[in-house]
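So that you can tell them apart, the chains are marked A, B and C in the order they are listed, and the count of residues begins at 1 in each.
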Amino acid sequence: MKAFNDLADFSNDEIKALVALASRLDAHPEPDALKGKVLSLLFLSPSLRTLASFQAAMTRLGGGSFVISPDMSIHGLETRPGIVMDGTAAEHIREAVPVIASYGDAIGIRAFAERKNIEDDLQETEFTALTDLIDTPFINMESAMNHPCQSLADWKTMDDLGIPSNGGKFVLSWAYHPKALPLAVPAATLHMAAKRGMDVTVLRPEGFELPDQLMQKATAAADAAGGSIKESNDRDEAMQDAHVIYAKSWSSTRHYGDRLADQKLREQHLDWCVDESWFGNAQDDCRFMHCLPVRRGVVVADDILDGPRSVVIPEARNRMLAQMAVLHQMLGGR
Amino acid sequence: MKAFNDLADFSNDEIKALVALASRLDAHPEPDALKGKVLSLLFLSPSLRTLASFQAAMTRLGGGSFVISPDMSIHGLETRPGIVMDGTAAEHIREAVPVIASYGDAIGIRAFAERKNIEDDLQETEFTALTDLIDTPFINMESAMNHPCQSLADWKTMDDLGIPSNGGKFVLSWAYHPKALPLAVPAATLHMAAKRGMDVTVLRPEGFELPDQLMQKATAAADAAGGSIKESNDRDEAMQDAHVIYAKSWSSTRHYGDRLADQKLREQHLDWCVDESWFGNAQDDCRFMHCLPVRRGVVVADDILDGPRSVVIPEARNRMLAQMAVLHQMLGGR
Amino acid sequence: MKAFNDLADFSNDEIKALVALASRLDAHPEPDALKGKVLSLLFLSPSLRTLASFQAAMTRLGGGSFVISPDMSIHGLETRPGIVMDGTAAEHIREAVPVIASYGDAIGIRAFAERKNIEDDLQETEFTALTDLIDTPFINMESAMNHPCQSLADWKTMDDLGIPSNGGKFVLSWAYHPKALPLAVPAATLHMAAKRGMDVTVLRPEGFELPDQLMQKATAAADAAGGSIKESNDRDEAMQDAHVIYAKSWSSTRHYGDRLADQKLREQHLDWCVDESWFGNAQDDCRFMHCLPVRRGVVVADDILDGPRSVVIPEARNRMLAQMAVLHQMLGGR
């Protein structure tokens, strides 16, 4: 495996094999699989779960990792091409990324969306500029519009819970959050549920529609897998018979990059906080998923997070297991 | 071992077995003992020795660890229950702690005393709130009123030096420091020396008495082990025939949580800096112990720290060895 | 090996053996060589390559490492001897360094030049004060006037490229940079190329001469190895038939420690930015080396860095391999 960048790059059988490998490595540890192997971890954006779970994953497989992030005592990294570097940044990504990659057998890279121009972000301009610098196998640890490690973990989480793929009803719901967050998780989640063959509803207020390009990608995946995609701003309609609600806040696409306009619009939707009232016509055991971190009392009510619907902790643990499967395949674990 | 939280949870035979295991692992390394095992390290308070020694300990046993601390580029952690998280903190400990724990086979947690209300701190309200969130085996890396890893290392240090348990004379002395420090180390040290069966004197100025609850716990331990506890503010009396002086500054318990009153009181005791004049009627080879970090010229004179009485460096190294023993037992090293 | 502090401490045969071992470990990994061994890494100055490459090196050899740096959530470290520590620093290097060293089988230490007084820096006053505190084998990860890990990697890089030792022409060139940088890399590089037996020219403007002590050390090394040393401020003369130009900015030695005077002088040399025009009379395949980080458009033109002359990425990767060889010898790899 040369890259783990997008679930769309893999067939459903390949995804199922990764999920099965993740479960096998959980049940039957392989502490010699990646003996002496190194994963370089480059965080250009903050992290908790990804930071911890990749380090743990490499240790469990007998290898190791190191972390470089811009808040460490390193020289700032310049990203602009062709610039005369007479300011504060002492190093350019054109050197830093290949060097960091050269110390590892693979590299994980995280770089959140710039959120200035939606076309740039949809085209993964920044992330591709980074990965184009290297030949080393790489893992997307969250880019502008993707988070394949989260999606693989989420797929496994639904498998673990026996949530049906074909016929399973998946609601991806926008939720209120005081900040304009990236689209990476909703984009990846929508596509993952579609690719899993589920009937997916994107529930969101007006102005928070996902970009056409993402909807089309998900629709193609749904068509291939026997699932479906629809959009709604009607909570009751969307939640009808739902097996899963996956809550996540994201930026207004109508006002992408315009923080003030985004804020004005989102503040009209403070009531988009998932609580028990949302589940009236859902499946009795409808689950609550979220990639974390989640703001209690803002995105979701405490009693949902602390109650039996929530699967956020095993979902987060599946990050480690899913990544172990990816690393095992990528780095030649036997 | 489900938790290493308090030396009081272990019999003296169990402590002696841990100390023996620590020595054995020093003499006979077991680099396969914890192959592929992961220790999660959560630092909600700063650290040098604990940070370094736990990482080194896991490596020496063939496993690994990862570190999460609030000064890393992660989202701030909210601790208050039931709060609506519309401020700066993006994640609640109710999610963060179980997730971090789920990536490890065990978790170490450090959270210093809040030092607002002595009852809350004596009851370990904050630390218990953290450990109640998890089922994973955990290690107390210093809580409001405990530091069992330091105490196990200190016990071993005295064994290494041949300092007697029954009949050994141990002085725990307050020392001047410009800041009002937590009670964790004096609390743990007092109990450890008592449990070891030593004759313990707590030497401190008026206003720096240790809380009754801590004195009673230590007295019970001393009674069970054939030792004794007394308090004094008279240096000569306390140091009579001492085998060890363990210096440490701590907050005024009379003015707990009141920084100005504490400061006014402590500044009357600038002369509580251990120097050679303290040792006039002690054992000739009376040792100086301190958990570090220590302020030179403030808590202790340079010539003591740099001279033959000081055992602070091997004492600090014993942190690693003691923790290796705990990890070996906790994580099923063979 | 008790210390890897200066290439001058090793015979040319010993250096060649280290380079050969580095290549062997690259071709034939030894993931059990340092099983359970720990390298302590103390960074008193910032780092990217050294930080990453030492961690990767230990993992590849089956051991591990931990990192302590002053920007972590630790108590500040006091360095002044005999001081009364009633300020902000809570710990003295006299305790911190031996403790950190005691957790490892070896320790790497980085401490850049203070750049106040050139005599102190030439005598390695600060670095020696640190290493005098310990008996543990240590590695110089860059001191005031040395960077032996860089030099060993650079030696290997030239061997990899087939650049001749005797008869090879090496130009160490000053380059413009907005800041007054340390002399460690030019000092180590000059000596390395001389010791390798090359004909070395130090190309620099007036006021940026390297100190006599460094020139004499390099001259002695050149004499022993059959090479030569000269200085020039004439670019064409210096570059004549050059196999390698090694660019690096450094402080004005005429105004050492005087930032304003240094700045005034260096700003007269904004044109010392290596571009293709420099290579007119060099060997056709003359290489460009730099230790990184490098400022594009300031120290060197983009087209050189991105073109076939540049070997900075494999040069940086050789850091890891060179350090693996040092660690393998130092820590008893079999």
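FYI, a contact is a pair of C-beta atoms (placed from the backbone, for glycine too) under 8 Å apart; a residue touches a chain by one contact, two chains touch by 3 or more.
The structure presented is a predicted model; accordingly, all values stated were derived computationally and were not measured.
Comparing the contact residues of chain A and chain C by number shows a mostly separate set, under half of all numbers used being common to the two copies. Fitting chain A to chain B on CA positions gives a rotation angle of 120°, reported to the nearest 5. As a whole-number value, the distance joining the C-alpha centres of chain A and chain C reads 40 Å. The multi-chain contact residues of chain C, meaning those touching 2 or more other chains, are 64. Those residues of chain A whose C-beta lies close enough to touch chain C in the complex are 35-38, 40, 63-66, 68, 72-75, 78, 82-86, 90-92, 94-96, 98-100, 102-104.
The part of chain C that touches chain A in the complex is made up of residues 29-32, 43, 45-49, 51-53, 55-56, 58-62, 64, 69-71, 178, 292-298, 302, 305-306, 312-314, 316-317, 320.
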